[in-house]
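Look at the two complexes coming up: chain A is in both, with chain B in one and chain C in the other.
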Partner chain A sequence: MRIDQTHRPWVIATVALAIVSTVAYVVYAVEAPAGPRGGSAMGLTFGIVGYGLMLYAGLLGARKRVPTWRIGRAQTWMRGHLWLGLLSLLLILFHGGFAFRGPLTLVLMLLFFIVIGSGILGAAIQHYVPSLMTSRVPLETIYEEIPHVRAQLREEADQLAAAICGPLNGSTEEQTQSVLVEIEHDDRERFREVYLRKVRPYLANPETQGNELGDPLRSGETFEALRRLLAEPVHGVLDDLENICEEEQQLSRQIRIYRWLHAWLLVHVPLSIALLVLGAIHAVMALRY
Partner chain B sequence: MSDIQLTIDGLQVSVPEGTSLFDAARMNGIAIPTLCHQQNETPVGVCRVCVVDVEKARVLAASCVRPAENNMVVHTNSDRVQRTRRTLVEMLMADHPSPCARQRNSNDCELETLARLEGITEPRFPRRISPRGQDSSSLVIAVDHEACILCDRCIRGCDEIRHNDVLGRRGKGFMAGIAFDTNLPMGNSSCVSCGECMVSCPTGALTNKSVVQTVLPGEPVDVDELQQLSYFQKVSGTFLELNKNAVVRRHFRKGEIVCREGEYGSTAFYILEGQAEVSLATPMAHVNTESHGTGFLGKMTSRLFGRQQERRSEEGRRATIPIDAPVDLPYDHPVAMLGPGDLFGEMTCMSLYPRSATVRAATDCVMFEMLRNVLDIIQRNKTLKAQLEANYRKRALDDHLRSVPMFAALDQEFIDILRDKVELVRYTKGDVICQQGDIADSFYLIRLGFVKVSEPHPGGELVLAYLGRGGYFGEIGLLGGGVRTATCTALDHIELVRIHAEEFHRMVERFPEVRRSLETLVQERQQQNRQRLATATSMPLDSFLTQGLMDAQSLLVMDLERCTRCDACVRACADAHDGVTRLIREGQRFDKYLVATSCRHCSDPLCMVGCPVGSIRRRNSLEVIIENWCIGCGLCAKNCPYGNINMHPFTVMENDPVNLGRQMAVVKQKATSCDLCTDLEEPSCVYACPHDAAHRVEPNEFFRWVGTPLAPGSTEKAARRT
Partner chain C sequence: MAGRIRTNKKLAQRINLNYFKTLRGIPRWRRILSGVFVVAGLGWLGWYALAGSPKPYNAGPLGHAHALLGQKCGACHMSQASYRQSATDQACLGCHDGPVHQEDQRFTPSCSSCHVEHEGAFRLASTSDATCTQCHADLKTTHGASKFVSNIRGFDSSHPEFAALRPGVMDPGTVKFNHQVHLKDELRGPNGGVQLKCADCHRPPGTDESWPFGISGAALKPASFTASDRLPDRSYMQPVDYEKHCATCHTLQFDRRFSESTPHKEPKVVYDFVFNKLTEYIAGHPAEIPLVDEPDKRLPTRPPQPPARNAAEWVQQRMADAQLLLWRKSCKECHALSYSNGYDALPVVAKSAITTRWLPHAEFDHEAHQMVQCASCHAKVNTSRETSDVLIPGIQTCQQCHRAGQDAAEARCFECHVYHDWSKEKPVAGKYTVKQLQ
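Right, the complex of A and B next:
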């Protein structure tokens, strides 16, 4: 989600609530004879409201599972999740009086900081990275379709190569008979070697580190060198192969950026669930004992 | 009557008075070649190939028209005659496309045979420079004006033998040719397809169109037997012989399926005996958002899902589903009966549309199954045409008239008066029914086929609508100033119910409520047309036009700088539509926006052309929706140029034909496309996007965004507007 001027009402509301809470907390902390404590009325109020906000923030996941329910637009829920979730940290800190007594509380606060931290990181990533994806992956496809697109690209490249040097696995006679572009035999063999040694392995495993065709700069240099090496009629096919390699590079880039966009959720979501569960346990234990 | 004595080629002969030299020679075993003359037609002597040398005569005479005279001495094969005949044949061959169609098909072109006998291989004369052209408008007869030698045999066949008076001459001298009616294409003329002209033609100018290479299952029907039927009586036997494989008799046992909805076919059926039940077998399951709940729980869930009251007010009037038969099916119980004399499957046969309904023999039935050439012959037969028109007037005209919103509430008296006033007219593919600016002289209701309504526009043609069976046009011109405001063109073989202007005006004067509703409708239509033209004229970018986005009424646009590729939109769409998504987050990019693959509700909705049951249509609010009686033929998906309509299999329960009384699960295909979540407050994809990235926008709005910073809240406004 892009955090722009449309978030202003949420920012104002959050800051206002934070100021009110802070004033209340300062007054309460100054006047409380034993100092601020979670078990006091004020401390419990901060705790309950803070946990309520945490629960609300956590419900975003549930809300996404029922996208057609008319219980508020998803973007409203998302904004609430961001800003009220952030506010909940302050309230929970006020609830504990900035002290983390006991192992459960310590774990809870540690989890809370990680959850909030990963959330802020996620918000930042989702603010900046979509633009990066848009500008750097013009040929973006649906993430789940990438393996299928790659298979198509491989097939297309094989067909292009076969037009120059005949069937890649066929006999020499078959190879000579089925070529569509007439070039010298030596050039044909050279092209075959380059295709089988460099291009095909890259297209088969585009995620392999260090492959020169996986790097835009080196890939360009490689194809330029091939153009100098091979006869003119092959250049059209080389252009097409270079485009295929470039699309592969973009797909690899898309995978990387996509992982960046969503990988933080692997930390944020499970820890949020753990936090809510432990928070509930903490509340029961604190009230009961 | 006294006999005449004369000498032909040295032979003394005696013939009755009035006999032509040609006949006199023939009666005495002397053959004179000819092209324009036939025994059963009045001789006209236009080809002059039958010239003979009459002693003491100044010039050679055409034997077919020159009567025999006493003491005449005639030479049919003198050098002079041979030279002349050869020159004539050579001149005719100079303009003849050799081999012509007849020569190619049956090797019996009379002119080419004659040329061969005369030993003419290459004419000395130059060929005609300007072509005279072909006419392929008739379904059964191909016309090649290039091969015509102007012998007039076809004209005499049409006028003298069949008394149809359709054929005549056009042009003069070099530009002379045969013409149908007032020089109309043959298929558009009043030609009844009797085939006499084709049988009479000595060359390949009029030839039988070959039948589609389809072997029809069933019992072949004899030509003699066919000619006993009233609607084949006036058809040339030779012509029927040529087409006899195109019609078969079929016997169906009670309960047997004659044709199934959604199947492709190329034949029509004419019921001779028995009764057949026509129905829509596909269950009317909405491939759509779920229907409204009732009761407390239903209301609560409706509220939770944000469902609104049914907004399809215009659908409340829908009482029938149009099909390719002389009856329409009642919406609530889509079943009807057909009986002897009923013809069905015309659209499938003529335009190869999928079958619109399932027909099952209700009793043991005998039917003719025919290909389009035979269908064309019988459709042109005046007796059958009158019978079909009577059937239509009796059984479907009411429904069709009432399907027109402004006529929906009319009393029976109005319909009864109109019933006898209407005229049924036919057009073939590409015919312009009325042109913008023409005087408005009629109101039309579509009985068969599809009509394109368009307006010329600086950037090309702007399609205002595609109208199918039950659609109507022409009311704006009749009420709004007397001239046509748009051009209407036949997209395929169509049949229209025409109400003449005088009758129309008489009717609206007599029924003022009809006039009022018509005037309101005219205003609405004119307003819609103005809006569409405004949209079209304000599109600045070529790419926008070339991508077909100009056609769009509503685009699903993704702001790629906000979109985190979470696919919440896709999941929401699937969630709202029985688990089947109707959008794919992929498509054309414009700047930072992606126009997702989802129905654009085009202003030129090609998808609507050809739907055999009219289930894909545009609502008054302009979005294109697929109604629940979709039979799953897939034509709309094939027609959509943007791949935005998908066929999806659904498992539904149907009566088990084997175990009566039990139900079985069957998989049915239904077409699905974005319906803008019409019964929800807002499209689900937009509502469920947590990142404010998905928007439904109008094209104008969209282009105002491209290249300009987004104004806060503008997206929501745009989304709500659509």
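Right, the complex of A and C next:
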């Protein structure tokens, strides 16, 4: 999500709430006889509101899982998640009076800082990287569909190759009978060899490092060399295979960018859930003692 | 051969309609890690719960005084009827008394609101100023207005001048003493000129060093500074004492025939001492009865006395001279004498009324300030001529060091004031065994 003008009301509201909270905290901290304490009325208020905001921020995940819920637009939830989640850190710091000495509170604050830090990092990545995806991956597909799409690309490439040299695993006679493009036997064998040695392995494992077809520049050079090597009628198939390889390259690029876009969630989401669970336990136990 | 055409149909065929049913890659790991972290967190808490240890919920390290109770939450967090198990006053009072501050206070804070635990290893008595100023910033008592200053918000802001230094307040002592004279160069001492130092007369108790101007072997009197038994013994100065501080210069000689001085006691004791000495003397020297003494220059001029006719008359004549010397000169030099029973009767010596503690509502530790020269704080000492001069330093002197800031000495209320009236402290019967505390 880009942080643009549409965030302005959220920013203003967050800053205003932060100022009000800070003023309230300063007055409370100065006047509290024993200093700011999480268990005081004001401290508890900060804690309850802060945890409430954390819960709200955490509910974004639930909101995403059930997109049909009529509980506000996903974008609104995301903006709230960003800004109110950030505000919750301030309120929780006020709750504890900037002190966290016990093991559980220490763990909670450590988790909280990591969650907020990873969230800020994620927001920055989500602000800048999506435009890269648009410009560098025109054939972007749904990330979870990539293995499925790749299987289809392999199948399509095999069909194209079979049109030149017959079934890749069939006998010589079968191969000769099923070809759709009439070329010299030597050219056909040469094409088969090139396909099985270079193209097919790449399509089978497109994420293998160092494969020349995985590199856009080297891939173009390789296919140009193949065009010089093979007869004119095969060039159309070569173009299609090059096109498939290019799509594979884009999928690889999409995976890389996707990882950039989402890897931080491996930290942010699990620790957020742990934070909410342990935070609830902290609340229960702290109210007891 | 035609080129690849991305028709809608082809694109639609690419979609695996069940793709969302199987998580892979980052979403899958996200879910796994979510479970792992939550289970790890719960496992950590569960481990301690099984061991019966409350450690994870400990709000912070305890102060030194309670360090032994670190794993015994129940010692302070007592079970109550409700869900809560907060640290109650009852728990605190089970181990140590907390006497009331003032009988007429309108508000008594809970123990833990001032003595904040789980803050680490420092004195629990180091309370914040706010614990005091919550009342003293606008002090009211159950009887209405307070006799104390009622708007104190801190030592370096609104604390009033010490009561002993406020206008109209004088040293109530009756012993005449001129500090300026006693501190001058070449003061006449028992063996020539001396330069007195503060420590020649003012020292904390417990010093073994002999007093330079006292009678050797003078019995140490019980100290009169036990009003604050919470401070170290060396906090307050020993009271000034004639035998220890004055005797070698200000002798109480009563007759040239005796090198011995009279005891520094009430007139009747002195009278009896002198009478006995003279009686014993003339009994041993009967030949001196008719002799007439040379006039004593220390005595006022008087007509020469006729020769005594017997020992009793001799003693009577010498008693008259001794009393003249003592009551009208030696004793009077320092003490205020009155003759309420007539001039022929023994004089009455005014109570010395030496103030042993100038700040009755605060504590001061001289030992903690021993790196400072005496006159640096007691600045008026060198020019003081009158007993009525109050020579304790004013609040501004203290505030030069005791002020807010990191490079300053402690300036919070507890540094000088004690909340609990320990004179009302009640003994507490211990409830733990050593084993229970291990």
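FYI, the second predicted complex is superposed on the first by the 264 of 289 C-alpha atoms of A that agree within 3 Å, B and C clash if a C-alpha of one lies under 4 Å from a C-alpha of the other, contacts with A are read in each partner's own complex, and residues count from 1 in each chain.
The rule is short, and it goes like this: contacts are C-beta pairs under 8 Å (C-beta built on N, C-alpha and C of every residue); 3 or more make two chains touch, one makes a residue touch a chain.
These figures come from a predicted structure and were not determined experimentally.
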Overlay on chain A: chain C relative to chain B, clash or fit: fit
Which superposed partner A:R200 touches (first chain B, second chain C, both, neither): neither
Which of chain B and chain C A:R227 touches, first, second, both or neither: neither
First (chain B), second (chain C), both or neither touched by A:Y143: both
Which of chain B and chain C A:Y258 touches, first, second, both or neither: both
Touching partner for A:H7 - first (chain B), second (chain C), both, neither: neither
Greater residue coverage of chain A in the superposed arrangement, chain B or chain C: C
Partner chain in contact with A:R70 - chain B first, chain C second, else both or neither: first
First (chain B), second (chain C), both or neither touched by A:R192: neither
Contacts of A:R101 with chain B and chain C, given as first, second, both or neither: second
Inter-centroid angle chain B-chain A-chain C after superposition on A [Cα, multiple of 10°]: 140
Smallest separation of CA atoms, chain C relative to chain B, angstrom: 7
Overlap of chain C and chain B interfaces on chain A (superposed complexes): 141-143, 258, 262
Touching residues on chain B, where the partner in the complex is chain A: 303-306, 560-566, 568, 571-572, 575-576, 584-586, 589, 592, 680-681, 684, 687-692, 712-713
Of chain A, residues touching chain B in the complex: 1-2, 4-6, 60, 64, 66-71, 73-75, 77-78, 126, 129-131, 133-134, 138, 141-143, 258, 261-262
Residue ranges of chain C in contact with chain A within the complex: 1-4, 13-16, 19-20, 22-27, 29-30, 33-34, 36-38, 40-42, 45, 55-61, 73, 77, 83-87, 109, 112-114, 116, 118-120, 127-128, 130-131, 134
Residues of chain A that touch chain C when the two form their complex: 30-35, 37, 39, 99, 101-105, 107, 141-145, 147-149, 152, 156, 163, 180-181, 233, 236-237, 239-240, 243-244, 258-259, 262-263, 265-266, 269-271, 273-274, 277-278, 281-282, 285-289
